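Two complexes are shown next, each including subunit A; its partner changes from subunit B in the first to subunit C in the second.
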Partner chain A sequence: MKAFVPIAVVVAMLATVPAFLHSNVVLNFLVVTLMIALAGQGWNILGGYGGQYSFGHAAFFGTGAYVTAILQMRYGVNAWLGFAAGIAAGAVIGAIVGGLAFRAGLRSSYFALVTLAFAEVLRILASVAPITGAGVGILLKLDLGTRSFQFQSRAIFYLVILALVAVALVIARLLERSRFGAWLIAVRENEDAAMALGVDAFAVKLGAMIISAAITAAAGCFYVQYFLFIDAGIGYGSWISIEALLTPIIGGTGTVFGALLGALVVKSLGEGAKLITGDIPGLDLMIYGAVLILVIRFAPRGLVGAVTDAYDYLRPAAQKRAVEAAHG
Partner chain B sequence: MLSPLILLSAVINGLMTGAVYALVALGLTLIYGVLHIINFAHGALLSAALFAAFLAWQKLGLDPYIAAFALAPLFFALGYALQRFVIGPASHADDRNMLLVTLGLAVLIENGLLYEFHADTRTVELAYGFKSIDLGFTFVAVSRLISFVAVFAVALVLWLIMTLTDTGKAIRAVAREKLGAELSGIEVAHIYAVTFGLGTACVAIAACLLIPNYYANPSAGNAFVLIAFTIVVLGGMGSVPGALIGGLVIGVVESLGGFFFGESLGQVGIFLIFIVVLLVRPRGLFGASA
Partner chain C sequence: MVEPLLRVEGVSRRFGGLLAVNAVSLSAPAASITALIGPNGAGKTTLFSVISGFLKPSAGHVRYDGMDVTGEPPHRLARRGIARTFQIVQPFAGLTVRHNIAVGAHLRHRARDVALQMAEQVGREVGLGELLDRPAHTLTVAGRKRLELARALATEPKVLLLDEVLAGLNPSEIRAIVPAIRALATRGIAIVMIEHMMQAAMSLADRVFVLAEGRIIAEGSPAEVVADPEVVEAYLGHGAAARMRAAYGH
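Right, the complex of A and B next:
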């Protein structure tokens, strides 16, 4: 249980935020940040722990969002069921993309390309197919209530997305402690060596892809419930593929809290820039691009890595001082 | 009934477009062949070059075909500097980092353009913009014919650089065997940067050839670069003849696909080719075994 204490502490602290922060603007910002953290945590399972860098996680985000919206609006399915179906659909798309790409043995650049291509194909299809509302998109009917998963209060949405993030954090921790996680990390470090030791690299990568896709799809399902709108550019656009990989890389890939930390930092920078110069299109993404390059240049293990490095660097000095003090 | 002449004119149209695709792909494949990474900033650099060509025409009154001679060296320098001072040092010799840095550059450049020029679309108007040659059954725009010829001229120049100059030999040596090249005194970081510069110069020339019929817009380059990825994968990553032939093939496929199934589904056709080639034969049709 000890391993889950940090997660419990962080989530409990975040859960108290709505008690003293009532500003809708701030809550909205935090909801969006946590949603990106969730999408990023999905990417982190495959990219961070598994070393497979996807450039097309929009494929899962958009699928989750569209399935949730289509089931509700076209088939009258209950919103909670739609939400669950959206996550499952994301996992299925993950299984298809992963099954094809890993069976073909695609790695590195090639894997990045094929994921990007799948997201683009889905984007184009969603922008012409009638069931997705083509170029217009889908607008969800406003129907406040717990049954329809729509809440007047931002605070409730905040707690919902926080709960989803908490689940994703626990999944990452469980992964770290499981045999499956050890295999996955072995594949990341050296796929050929892992296979020589009897790890079924294909199955391990495929499993990670499915979990990863399901988590990112959950972020898409949440998006639709929160904004009540989805179109091809939002659902399958490159912005979400970029933000999903940006957050764990900036926070620290292959760490439990990397995506959450990255999302908080990245979104704060973006909002901060908007506050200073006004809402000029392109500015926030420009900053993201620059931060991505700077972090890879100067802190390749992300902020979590930089903090641990600093801690390791400082600790011996503190111990030395303690020893000297003890000896007078 | 479909007349074969209509089909033929669609094919000719596709070949003209395909030539410019080929030039964009040539830059991409050159970089892949030597650095072994996919340059995700290629599309953003193309957008930047389109704006450069537009500004050269608007502010200096330069004809795009003349501006090409100035923009090619300028973008060569830009590409050289990007690889030497940004991508190289930031990626710590790790492929995955290199991918991410080029992606970061793409986001930075594209949104920098959006910030500076907004999402408006800008076009260049030339006196000969609408001139075309009558082939009897179809018309071919003069500007597109010029670009078709120019692309092959650029490919020839590149080939000459690669075979005749010492730098070209060094580039080929690094592509073949990096460590061996380094041991024989070739400065790999310099060669990487030169290659990246050459790839970026291709993009600048492609932009100058495109702008008379096309437009400048912060995300204009992306449409081309996804197609260029397809071409590079189809032709075999790192293969120059593959990029040329792949470009022409994709141009024709798009033109015929658009003709039969409509514009946006024609694009899906390209992506499907892309995914199928990646999955079935990632070496491409002309690529050497990995």
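Right, the complex of A and C next:
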């Protein structure tokens, strides 16, 4: 249980935010940040723990969003069921992309390119197919209520996305403590050595891809319920592929809190810059680039790595002082 | 006669125009040490890769425990009980020694704490007890060789293929590790070891196979093999055996 205490503390602290912060602008910012953290945590399972860098997690985000929207608007399915179906559909797309890419033995940049290609194909299909509303997209009917997963209050949406992020944090921690996780990390570190030790590298990567896709799809499902709109550029656009991979890379790949920390830092910097300079197109990408360069230069293991390094560096000094004080 | 645990039958492996392994047959019984020796480029590592499933043979069969396991993928063979080490060590560089070994232990133990406990035990057995919490990339060559051995052992193998685990070790390190390998065979494991360290291989092995240019040129007890003129020639060049006989008057 001890291993889950940090998650409980962080989530509990974040859960108190709406109690003292009532600004809709700030809550909206936090909702979007947590949604990106969720998408990033999905990427982190496959990329961070498994070392398989996807450039196309939009494929899962968009699928989650579209399936949730289509089931509600075209088939009258309940929003919560739609949400669950969206996650499942994302997992299926993950299984298909992963099955094809890993079966073909694609690694590193080839894998990245194939995931990117899948997302692009889906984006083009979604922008022409009638069922996805083609170029117009899908607008969800406003229908406030718990049954329809639509809330007047931003605070409730905030708690919903926080709960989803909490689940994703717990999944990462469970992964770290499981045999599957040990195998996944082994595949990341050295695939041949892992196979020699009995690890079915294909199955492990595929499993990670499915979990990863499901989590990122959940972020897409949430997007639709929150903004009540989806189109091809949003759902399958490269923006979300980029945010999903940059937040854990900046925060710290293969760590429980990397994606969350990365999302908070990157999004805060983005908003801060917007306040100062106004809304310049592409500003967010410039900020990502700058932060990424700084992180790669000064904290190659991400912000979480930098924090633990600082802690390890300071701890012996603190212990020494304590010892000296005791003997002094 | 008891069927040997591992039996290689007429295995060949071709790389383009090069026949790296040429119709090799050998067998390794349980609870014994079989040495595979031969000059550089003889095809020893390639043969290990075929046995452990990393390479498919161009011809021939690998039998394990009476079953034909030719062409099965490495992870399935590992599950069956065939473990290998890599001549070019392949540590999980970013993980600690303990976590490296635990990956092997997980093959037969799902629970994390059991695997970690076993990793510690195996680590101590091969002399890595002091280094368990060090990242693998900080180990010396000797440490990495031991780690290869420890990880393979943690899978609880029945056949253990050791590819030059003594190379790069100094004499005192070799003296330390040799009894550990001997003990494994006593425990019932069929050990096949590739060695360049002739002395160590000869003192350890129950039976020796000599590979040269992809073919088995000799097999027998260590004493028989060193007396074989063809073996001497494979190592020292054509005519060497005759020259030695002339020089030493045998």
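As a convention for this text, the second predicted complex is superposed on the first by the 328 of 328 C-alpha atoms of A that agree within 3 Å, B and C clash if a C-alpha of one lies under 4 Å from a C-alpha of the other, contacts with A are read in each partner's own complex, and residues count from 1 in each chain.
Simple rule for what comes next: contacts are C-beta pairs under 8 Å (C-beta built on N, C-alpha and C of every residue); 3 or more make two chains touch, one makes a residue touch a chain.
Remember, it's a predicted structure, so these values are computed and weren't measured experimentally.
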item: Subunit B versus subunit C as contact partner of A:Val160, first or second or both or neither; value: neither
item: Partner chain in contact with A:Glu120 - subunit B first, subunit C second, else both or neither; value: first
item: First (subunit B), second (subunit C), both or neither touched by A:Val128; value: first
item: Partner, of subunit C and subunit B, that touches more residues belonging to subunit A; value: B
item: Contacts of A:Leu261 with subunit B and subunit C, given as first, second, both or neither; value: neither
item: Partner chain in contact with A:Ala194 - subunit B first, subunit C second, else both or neither; value: second
item: Which superposed partner A:Leu283 touches (first subunit B, second subunit C, both, neither); value: first
item: Which of subunit B and subunit C A:Ala101 touches, first, second, both or neither; value: first
item: Residue ranges of subunit A in contact with subunit B within the complex; value: 51, 53, 55, 100-101, 103-106, 108-110, 112-114, 116-118, 120-121, 124-125, 127-128, 242, 245, 249, 280-283, 285-286, 288-290, 292-293, 296-297, 300
item: Sites on subunit B touched by subunit A in the complex; value: 32, 36-38, 40, 86, 89-92, 94-97, 99-101, 103-115, 118-119, 218, 226, 229, 233, 264-265, 267-268, 271-272, 274-275, 278-280, 282
item: Sites on subunit A touched by subunit C in the complex; value: 177-179, 182-183, 185-186, 189-190, 192-201
item: In the complex, subunit C residues that touch subunit A; value: 52, 54, 73-76, 78-79, 83-84, 86, 90-95, 99, 102-104, 106-107, 109-112, 115, 151-152, 154-155
